[in-house]
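Look for subunit A in each of the two complexes below; its partner is subunit B in the first and subunit C in the second.
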Partner chain A sequence: MTDPGSQAELVRHSLRRRYRKERRFRFYGIAAIAVALFSLVILFTDIISKGYTGFIKTTVTLEVHLDGELMYLNDASDPDQIAMADFQAPIIKALQGYFPDAVSRADKRELSRMTGSYASNQVRDLLKENPGLLGSTRTIEFPAHDTVSVYVKHAGDPGYSIRLSEQQQRWTDELVRKGVIDNGFNDVFFSNGDSREPSNAGILGALVGSLLTMGITLVIAFPVGVAAAVYLEEFAPRNGFTDFIEVNINNLAAVPSVIFGLLGLAVFIGVFGMPRSVPVLGGLVLALMTLPTIIISSRAAIKSVPPSIREAAEGIGASKMQVVLHHVLPLAMPGMLTGSIIGMAQALGETAPLLLVGMVAFIVEIPDGFFSSATVLPVQIFIWAGSAEQGFVELASAGIMVLLAFLITMNAFAIWLRKRLERRW
Partner chain B sequence: MIKPYKAIAIAAFTSGLSLVSASALARDTVNIVGSSTVYPFATVVAERFGRSTDFPTPKLESTGSGGGFKLFCAGIGTEHPDITNASRRMKSSEFEMCQRNGVEAITEVKIGADGIVIANSREAEQMDLSLRQVFLALAKDVPDPEGGDTLVANPYAKWSDIDTSLPRKDIRVMGPPPTSGTRDAFVEIAMEGGCKTFEFIKALEKKDMRGICHNMREDGAFIEAGENDNLIVQRLAQDKEMLGIFGYSFLMENSGEIQASTINGVGPTPDTIAAEQYPVARSLFFYIKNAHAGVVPGITEYAREFTSEGAWGDNGYLVDVGLIPNPRDVRMDTAKAVRKLKPMTGNEL
Partner chain C sequence: MRLGTITNPMNSDVVKEMDMPNLKEVSAPDERPAETVIEPGKTVGMPFTANPRFQLRNVEVFYGENPAIKNVSLDIARNEVIAFIGPSGCGKSTFLRCLNRMNDSIDSCRIKGSLQLDGQEIYSPGRDVVELRARVGMVFQKPNPFPKSIYDNVAYGPRIHGLANRKSDLDDIVENSLRKAGLWEEVRHRLGAMATGMSGGQQQRLCIARAIAVSPEVVLMDEPCSALDPIATARIEELIAELSENYTIVIVTHSMQQAARVSNRTAYFHLGHLVEVNDTSRVFTTPEHELTESYITGRFG
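Presenting the complex of A and B:
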């Protein structure tokens, strides 16, 4: 028996339950977002709290008397003499100015471990470029030794162990008090390539390498991907063969990235004889990896262009090519760019395929072209994270921040481009 | 409106162009591949070399010893590496592979040694272990203690269960994770060495034998400590029952707090490691492709920097990174051979 009164009663009764249900449903959604945000906050706090010290360098500023006698050098323009000279001596002498008691061999050895291992190279390079400075006194800023830097920055932090001897700790405290040892902005980090010495290591080499590699990836993957998508969507006949291609492209998008590295190793290095470790090679491999993503998203973008646009253009007598180039492509461009940026972001963070083509390497020089050895940002972070020296811990986190900044810049550029293109149509 | 089309055309053209110019490329940077154990030493030399000479800093890839030989022996020409590092000697099969591919003249350079120690706190009793005992304590499956040629899941909980002469303490050992070169070496030298003392395992196919010997315990007696050897040292100082596995250089730096166990009666010292008396030690090498010297600038100069007393000598900078130098007469002979680029004959392997 159904009477309208009880029906309304039923609805009224269930109404509260249904509202509750909806509220619960909304709550789940909000909770999901909260979980995502929370993990993001944890991630960022961890990286930033560990990594911000990577942007700080510890320096030892000394008044160095460039005494020729001390260095066994009487003509700084003579390369033979330069090769045989002792450039560590004046640095030790300058430090002895603060600690006149440190004269034994062991003390001198400890003094020489206050500045970074390449401090003497700094003196040598200065004299090599300006031989006239021999005999003068110069104020030179040296990077502090890794152990000194860890002590100054992280004394008391249980995550770090202090490797300085008690004597060196006393010296360091004294020099900090006198302002000889000081912290400053780590410009070295942004102007150097990799180094085994944390105080000399920089991200610039990897940054330039990433830029070059991504450039190649974009230049290859984007036009090829778009062309493939346009042909498949607009011109290709619908038959078994194109279906076969479509299935394969979709499968390719799911292939683990390391497979593309193997392909690069076999084809680009094996068959074409390309050199290892160069951005062109890395870019090609990553382009192959990104290609399916770009094709799939471009096809979706082309599909979403309303048929009325095509029909209208055809109606006023445009050829098929004119329809595609003048109307469909510009309208689909924002969607294509979104797909490309997802593919590029994935490629930017990739290390596995690059391992096989030799881009996971110790490279000190900043790459100066598409054919000079290079490494990329995630690889640099990986190398630092695995290094024994404690100073690399903070550098790895600082490197992650640079990688994220790179990614955000890239995304922002794509969004800006998309906005511009959207406005025109 | 034609813009996207034009951009695509230009992009396609430039990418084509860059592909064409990829072939035929002279190289001015020394390319080095090979062992991850030698990598920390070689990178230090490479960086010093790059900073103190006018040559560019050599490029180093850590591919593992075997991977290094594969690349190195692939042929002559600038697309192939010039030097490969190895934490073991070249095998005769690898030498033949090199010969087959035209890499005929190869100079072998033995750079020094590397030891792996099993240590505990100085406040605890010093252990004297044999490789067989190390294997029995740490392998996942061990030969049945009841006898017979069958394997059982490791039943040993205390050291004294293995041998009554060992202390009545729980077996708890911290060691490096599988990604570490120290772990590889430990497994290959210590575990395999102890494992092969059982005749029936030694008689197995190499692959099956390795499967048994290289499998570490997963029931908590062996603890993977992460790559940070400092952490292991700190734990050992706190926990007297614990043993740790790490590179010799860490023992050297922390000898105030920890002591090394003797293995087969020999303790790790620079002398016993260099003389290969200490069983868990291996020599480190690099190999130069002679045909590339003079073609790629800087190869001989790099090798000379590596073999200079300032680098690999008793007070050289490589000792700071943990290298155990060869005896001085060996160093002198090797350095001379490097200057002349004396090729290997293949008979010494």
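Presenting the complex of A and C:
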């Protein structure tokens, strides 16, 4: 028999050790969370610091005298003349107003590269719509040329190389001082589709494309996934065949997403002859990819409904269907939604399968339906990140921010929905 | 006659049995080899009554290959309270759950023999389980209210069975059921509150109200007080006495005092056999079978 005093001593000793262990374990946990938070902060800081300039556009505001003689245009309502006219000339003329000695051919070329390549189109469209403006003087805000914009925003930043000639740099400095060149909120970014010119490129097309694609994915994957989960959990007999299905669903969840793209290419385009690069197609492919995730999480949610609730309902005489619809599904719904959101978030950020079904095309138009050509946010970011023009770098970062905002909005909506459903029950 | 007026919470709280075919707990045969011989199908006492509600003949239940109930024959009379007692794993809960086919969801469970409710086979292929369960309600071991309001809990049964066409009818049913369950005065002002926020005893009475809201003929109770304290238990027992005027009640219990207090008849199960059935007073004062006597005197179980 151990004497009680020494036993208490032993217990005290082991207690100290246990508490130490506990403290250590808690420290590990806190450290892990700190690392996670730190990485998140770094990620956000990096993206935001690189990308916020994407939300700023550089503009050149000029008093343009719409001189018919200069443009070789005497009737702006004549489409033939419009097609032949030189709309760059009045812009150069307006710039020459600030720099009277820039008259040589080379100087003129450099002047024409102060404003974006679509500046002349702006003048043309203005005259096309209002032929009466010919001969008058208008104040027009042009997007600055990509190189000017990079110089204004990133002069001195080693990450960017300045591609302006010294003369152009001088001009730009001068114009900035005079307030002709100015920075403003980049509304173009939120109202345009893609473009070859960074100053003219926008995220809206990809945003709408993502929205349409996600809509299709949700509409297909959620009901099908939940129905499959309900059937497998509640109605399917337990036999080799259902085991086989279960194993395969679990395997599908681990299949690389690009395989689903190949499947979409072979089946939806090859066999069913669906059009390429449309949201319906992308949505279908992503729905296939998301299905296993939704099924697995939905089954787990159904399994976690306490059997006592099932018994209670059965005991009063609820039919199988009523037990499922009235009790199991509402109780499992929050879990199902969580799983679906994880699946949808995954699908939203997916690029690889969409590349294979043609959603990587250069699309300028904003998609106006499920069957119009579109691209999605991650693909747009991918395209921009690979573009040569420096202006696209910041656009890609800005695009990532938009993608993250989209994701957070989607998750917030799902959490709100889940909270609401939980309260109702 | 009422025996054991002091509730012994040990009896109801400590033993949590699932009544699955786990038969290893009974150690009696080692001690008393001569007396524990049970003749299959032989039940001492009075298993049969005239004009019974349930007529159960040669019932056998198997979980896979393991027999859980061995050749049990029993009648359950109208408006009686019959208690099933016996040691853990004796099959009393299994037998109870046969009466409204709650065993259906267990794949491995097979049932043989004849089980009739009012002369109709419970397990005939054409039998509608939903209709059966509307007539034979059930209250479970642990209170299991739906995570809904008190009102919705009681109204659920009438709603799915279409017992009330108008809101006012439904209100009446809910009020009546809650009154019968002795809960009305406590909850009348908070019918919209979540049922899961009530105390355990209240929850169990709510479950009883929910069961009787569909006007069943029989109420099965599977250890309804095992998760409750003595005060809540006493409340439920009073309720059982009141309900017995209108309903046939079959109650499984681990507390012999409870069986003695609430039931008219008591059935003693042992290792899947129905050993003895008799008037409660006789079972607890002059048991005929050795095993019954051993059990009620606390020698095992």
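Please note the rule applied: the second predicted complex is superposed on the first by the 421 of 425 C-alpha atoms of A that agree within 3 Å, B and C clash if a C-alpha of one lies under 4 Å from a C-alpha of the other, contacts with A are read in each partner's own complex, and residues count from 1 in each chain.
What we mean here is this: a contact is a pair of C-beta atoms (placed from the backbone, for glycine too) under 8 Å apart; a residue touches a chain by one contact, two chains touch by 3 or more.
The model shown is predicted, which means the values in this text are computed figures rather than measured ones.
Chemist: May I ask you to name which of subunit B and subunit C touches more residues of subunit A?
Modeler: B
Chemist: Output check: A:Leu325 vs subunit B and subunit C. Expected answer is one of first, second, both, neither. What do you get?
Modeler: In the superposition, A:Leu325 touches subunit B alone.
Chemist: Tell me which partner A:Arg276 touches in the superposition: subunit B (first), subunit C (second), both or neither.
Modeler: Touch partner of A:Arg276: subunit B, not subunit C.
Chemist: In the superposed arrangement, does A:Gly317 touch subunit B (first), subunit C (second), both or neither?
Modeler: Second partner only.
Chemist: Who does A:Tyr118 touch here: subunit B (first), subunit C (second), both, or neither?
Modeler: In the superposition, A:Tyr118 contacts subunit B only.
Chemist: What is the shared patch of subunit A, the residues that subunit B and subunit C both contact?
Modeler: Residues 326 of subunit A touch both subunit B and subunit C.
Chemist: Inside the complex, what are the residues of subunit A that reach subunit C?
Modeler: Spelled out, the residues of subunit A in touch with subunit C are 238, 306, 308-319, 322, 326-327, 331, 425.
Chemist: In the complex, go through subunit A and note every residue touching subunit B.
Modeler: 117-118, 121, 124, 161, 163, 195-197, 216, 219-220, 222-224, 226-227, 269, 272-277, 280, 325-326, 329-330, 333, 358, 360-365, 370-373, 386, 388, 390
Chemist: Under the definition above, what is the set of subunit B residues touching subunit A in their complex?
Modeler: Residue list for subunit B touching subunit A: 1-2, 4-5, 7-8, 11-12, 14-15, 18-19, 21-23, 25, 27, 29, 31, 39-40, 43-44, 46-47, 50-52, 56-57, 59-62, 78-79, 227, 229-230, 234, 253, 317.
Chemist: Can you list the residues on subunit C that touch subunit A in the complex?
Modeler: 100, 102, 105, 107, 129-134, 137-140, 142, 144-148, 156-157, 160-161, 207, 210-211, 214
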